[in-house]
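Here chain A shows up in two complexes: once beside chain B, once beside chain C.
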Partner chain A sequence: MSSIEQRPRRRAPWVFAALAALLAFLPLVAGPYPQTIARSVLTYMMLAISWDMLIRSGQLSFGIAGFFGLGGYAAAIGATYLGVPPVLTLVFAAVVVGVVALLIGAVVLRLRGMYFAIVTLALAEIFRIVMHNWSSLTGGPNGMLLPRSAFDGNSVATYLMMLVLAAVVIGVSEWFRHSRIHFALTAIRDNETVAASAGVNIYAYLLTAFAITSGIQGAVGASYAQLFGFVTPESSFNVNYTLIPLAMTLLGGMYGTWGPVVGAVLLGVVGEYLKLFIPYGHLLVYGVIIVLVILFMPRGIVGLVRGHLERSRRTTTASEKGGAA
Partner chain B sequence: MLTVENVDCGYGRLQVLRDLSMEVAGGAVGLFGPNGAGKTTLINAIMGINRVTAGSITFEGRGIHNRPTHEIVHGGIALVPQERELFPGMTVLENLRIGAEQVPHARDRGEETLETVFGYFPILRERTKQLAGTMSGGQQRMLAVGRALMALPRLLILDEPSLGLQPSIVHELFTILGEMKEHVAVLVTEQNVRESLRTVDRGYVLENGRIVLRGTADELANDPEVERSYLGL
Partner chain C sequence: MRSRTLLAVALVLVAGMAFANGAQEGAAEPIRMGGVWPLGDITGEQGSKSAQLAVDELNANGGILGRPVELVVIDSEFSPDKGAAAIERLATIENVDFFIGGMSSGVHLGQIPALKRYRKITMWTGAASHLAEEAIGPDQDWYFHLHPWDYNQGASYVEGWTAIAERYPDIAIDRWFLAYEEGAFGSASFEATQQLFSDMEISGESFQSAAAGGGDYTAVLERAKEYDPDVFIWAGYDADALPIMEQARAIDFAPPLFVGAPPGWPASFGESGLAEGVTLYGMWAPSLNSVSDVSAHYYQSYVSTYDEEPATYFAPLGYTAVMILAQAVEAAGSMDQDAIIAELQNIEYDSALGETISFAPSRVISNQGIRQQKILQWQGGEQQVLWPFEFATSEPEYPFPSWDR
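And then the complex of A and B:
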């Protein structure tokens, strides 16, 4: 009764894990520029995963940049005024943003669908405006400098910090996939009446998911602040932190951990490559990719591969049974 | 066990149920009536899905009207809704297990209850690994009943279980419900009055949100009005 899904053992996960380990190791030996790209890929990857964790319940959030930016400011304020050590600002920001999301979620999670999506979009803008105007605390439009950045900005060390944070986020996402939460969220997405009839406390589950995913976005925002050493209203709440993770998840495939991971690596690296040829044009390419994926590959890359694997397995089992359906 | 007293219920300004009273004391109780009579509205009121604007609903002595649905399920009432009641992309076994997963008192006794469910529906044991969405309509309905039982209810509510099923399957389903009512109280809404009268002990006839007739299964079967309107004799 431990997990909902019990699939037969396959070799694919191990191949996948080995490949992931190799990819994670590569930037360590490849030098500072690949490490910069890898840190950016990991940043977007974590945001993409956290967004996916909430969409599994059917709740579409456009508020990633809001909680991301809030996390950055929580880190800067915590470090400046409370003396929180650099690496611990990640935890500090996760808790602060998680609590803020809990309070806001208690109200806005009564909304569904388009209404919820619009409110999250508005929230991000509200956070930005507050930070922009609360000059005495946040430095206003100029933003604020962190007194000290994590590992004094050492490239290898900060890459490892991002890697550890990403591992934690992947772990939380997989825990979501393989615990009671998974069924509850899937049921809510599918049909709320049936979910409630099966005993699911819809409000409690949505609130938990919203607080945890926002907390993750807050921690990622704090790590961004540590990497760059400053926060400003324009950069920290940039709408790209909402749109790019969304595009990555759509490309990789929704409703699972590995879709966002694959999407982030592909789009992150491709985007970086494109920047060399058409500065800012990479955003245009992202847009085109989103449209193409939605039209021709609605389940994303992971969904496509999984579909192929399942089909080939089914034909094998069918032929083993002597062709009986 | 379940008592509905003087309940008003509706949607916005549309009042569907008016001063409705009924009860389930045990065994199997039928709720009959044409489309739009208010059967599903009453079920949804009991389950906390629809808001009750007047009156009270008590289950085992505790008031449950306007409580959240999951609390009512945790409290011992399970519902087999009218349609879309399964998770089609999950296997039969997964569908059954999740029925117990969200209900604290049923969670630890899942394996035990699974055997009980397989006892009622042997076909489900043979198909544990099949995806729910690929089964026939009748098998899906049985799986839905099985999943509701996994929550270990003391009262099982079925909303039109015969809907869209061929007559032989309906017959089988009501025979199984007949066995089931010895262990769990059953409340079933139906348009197929003939089949359900074999199984239920008592019944209510609902029209325009009011109970117009109540009695034992025999009394209803012999009532000239029921015969004319529902049995088509």
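And then the complex of A and C:
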């Protein structure tokens, strides 16, 4: 009896994985337009996951756009002045941004709560101002063109590049969730004093999480630069790269990999389709949807589904116990 | 008997359907234009509405080559990736014949890889950055750019101010002060002004635009007042227009020439009482109706259709883009791309912007249209054209009136 009950639970991850794989590969046969939309969804999805990975420690960062833009510039500078091949600029940018985050994090991770959040917001602005004013290296306010974009802009190849990058980011996030880091970050979020007294090296764990998540944001920024072949201070450090991933995570659900994934897919696809039906005014409807969902589903969609499944499981168990009695 | 009747009815139905299909195939296929604008911004909203106005006019007169014209509009949301996705959709799902529209160099840079992939005839109304021109590159004969490049604009300001100073000897332009918003737009304007007017005395200081959370211009205005320039220019956004004038009045700063250089003005600026005597750059104003029949026709059609005034030059640019393509296709007599490109390269189109538009190579691309901005001035609540003199609708009001006006 018990083996029959457990079978659907074992099957569920495989069904979910098969569905995810189908969704991931669907744009490949659907044509260039769905591939472009899917690339955009994957971009925001990776930023949302990386933001969530840090918030699992309780540290709220508003610096996504800063590290994203810095990654874009690292890719452009690496390709232009150092001859780094297009795809390798993603790794190059991840390392550069990760190291920058490590150095900055060594100082700013002494801060907590709103102090840390405001510092990360300021960091994003500082990065933008540096790129804006270092004209001899970055092209100044006009920005710079990349010598050539990844796969010469081939939409199938660039989509696959983004898919592989997204798979890596999801893999890192899941590794976070199933490693000691997860327990350490959760303990820090729940009660830092208790975590410290239990022997958790808070500073080291936060620094590791900050460097890795910033490195991811840098790699995503580099991929964006490679997709479109340019960087400018205004577009690369656009505040949307901070706000949209936050909205996606809140919609999908925080403190896990799949909340940001679901939020990114839903908001990305809904946003695109809304504008086809309401060309003048779709952003208003989009905003209202986000507000309503966050108001009425504070745990996000994944949290809501999980809660529903847990409730139905408890009801089933209770009725079985009642029947047995 | 009954089965024969049924068979006859079925045959009639099949024949009818076949006829109906045949009639559909025989109907003229529409010529489709795909437009991308930022629809949440007045430039995109009015640019796209003006393009639709042109399409409606064409259809009312029998279309192009006897075929109806359709305009499919997608919002770029001021985002490079959304703008690129719009191009992909228009090319592969909407199957448009031409790309039109555009506003913002950043968005256009994101669209250029997709445009280069499809190589459909493109009539672009926005993007001034020379970086966009470099990204398009040479030998792209399908690409037609209407808006002047940044260096065209800068050169036209030098030409315009020099011509004005020569014609009106009272007007001094030797000492300049530029207040510029600290973003890309303002900083680039300051750099360009320093280079272009290098033989003159130039000073400047940045401010945080109200559009970026700023709005206090007192420090920069005080510095400008102390500098005592012949020409004071502020380069910011429409959100800065009213507060900068209010704060100039508060500190009694009234330079002989008070110039504003935002990409667009607030709709109510002319009625504010602060506008009188403010000089500006632009490509079109309703006052051009008095010197251009095409402008007057466009203006009246727009106002009667949408019950509002076009408030930005991107509006007549949208109308112009459609009309130029229509004229070229009619002249080519077919939808053959090479024939249309050849016609476009030889076209002379009397535009709603006043000038006759033709295309010639610029620094990089083969087909650059407009190369000049106009110098205008708010007078009596309306924008009057001061230069080029062939389109002038008024004399300059000089010096800028004192604040105890």
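As a convention for this text, the second predicted complex is superposed on the first by the 296 of 325 C-alpha atoms of A that agree within 3 Å, B and C clash if a C-alpha of one lies under 4 Å from a C-alpha of the other, contacts with A are read in each partner's own complex, and residues count from 1 in each chain.
In the analysis below, a residue touches a chain if its C-beta (ideal position, glycine included) is under 8 Å from a C-beta of that chain, and two chains touch if they have at least 3 such contacts.
In this text the structure is predicted, and so the values were computed from the model without any measurement.
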Exercise. Given the touch rule stated above, what does A:315 touch, chain B (first), chain C (second), both, or neither?
Worked result: neither
Problem set entry | Touching partner for A:200 - first (chain B), second (chain C), both, neither | first
For this session: In the overlay, work out which of chain B or chain C sits against more residues of chain A.
Result: C
For this session: In the overlay, answer first, second, both or neither for which of chain B and chain C A:145 touches.
Result: second
For this session: Mind working out whether A:232 is in touch with chain B, chain C, both or neither, as first, second, both or neither?
Result: second
For this session: Figure out whether A:32 sits in contact with chain B (first) or chain C (second), or with both, or with neither.
Result: second
For this session: Answer with first, second, both or neither: which of chain B and chain C does A:184 touch in the superposed model?
Result: first
Exercise. Which positions of chain A sit in both the chain B and the chain C interface?
Worked result: none
Exercise. Can you list the residues on chain A that touch chain B in the complex?
Worked result: 1, 4-5, 180, 183-184, 186-187, 190-191, 193-194, 196-203
Seminar exercise, completed: Within their complex, chain A touches chain C through residues 31-33, 35-37, 39-40, 43, 132, 139-145, 149, 153, 155, 224, 227-230, 232-235, 238, 240, 272, 275-276, 279-280, 282-283
Exercise. What residues of chain C sit close enough to touch chain A in their complex?
Worked result: 39-40, 45, 73-75, 77, 79-82, 84-85, 88-89, 91-93, 105-106, 109-110, 112-114, 116-117, 129-131, 134-135, 183-185, 187-188, 191
Seminar exercise, completed: The answer for chain B against chain A in the complex is residues 47-49, 68-70, 73-74, 78-79, 81, 84-85, 87, 90, 94, 97-103, 107, 110-111, 147-148, 151
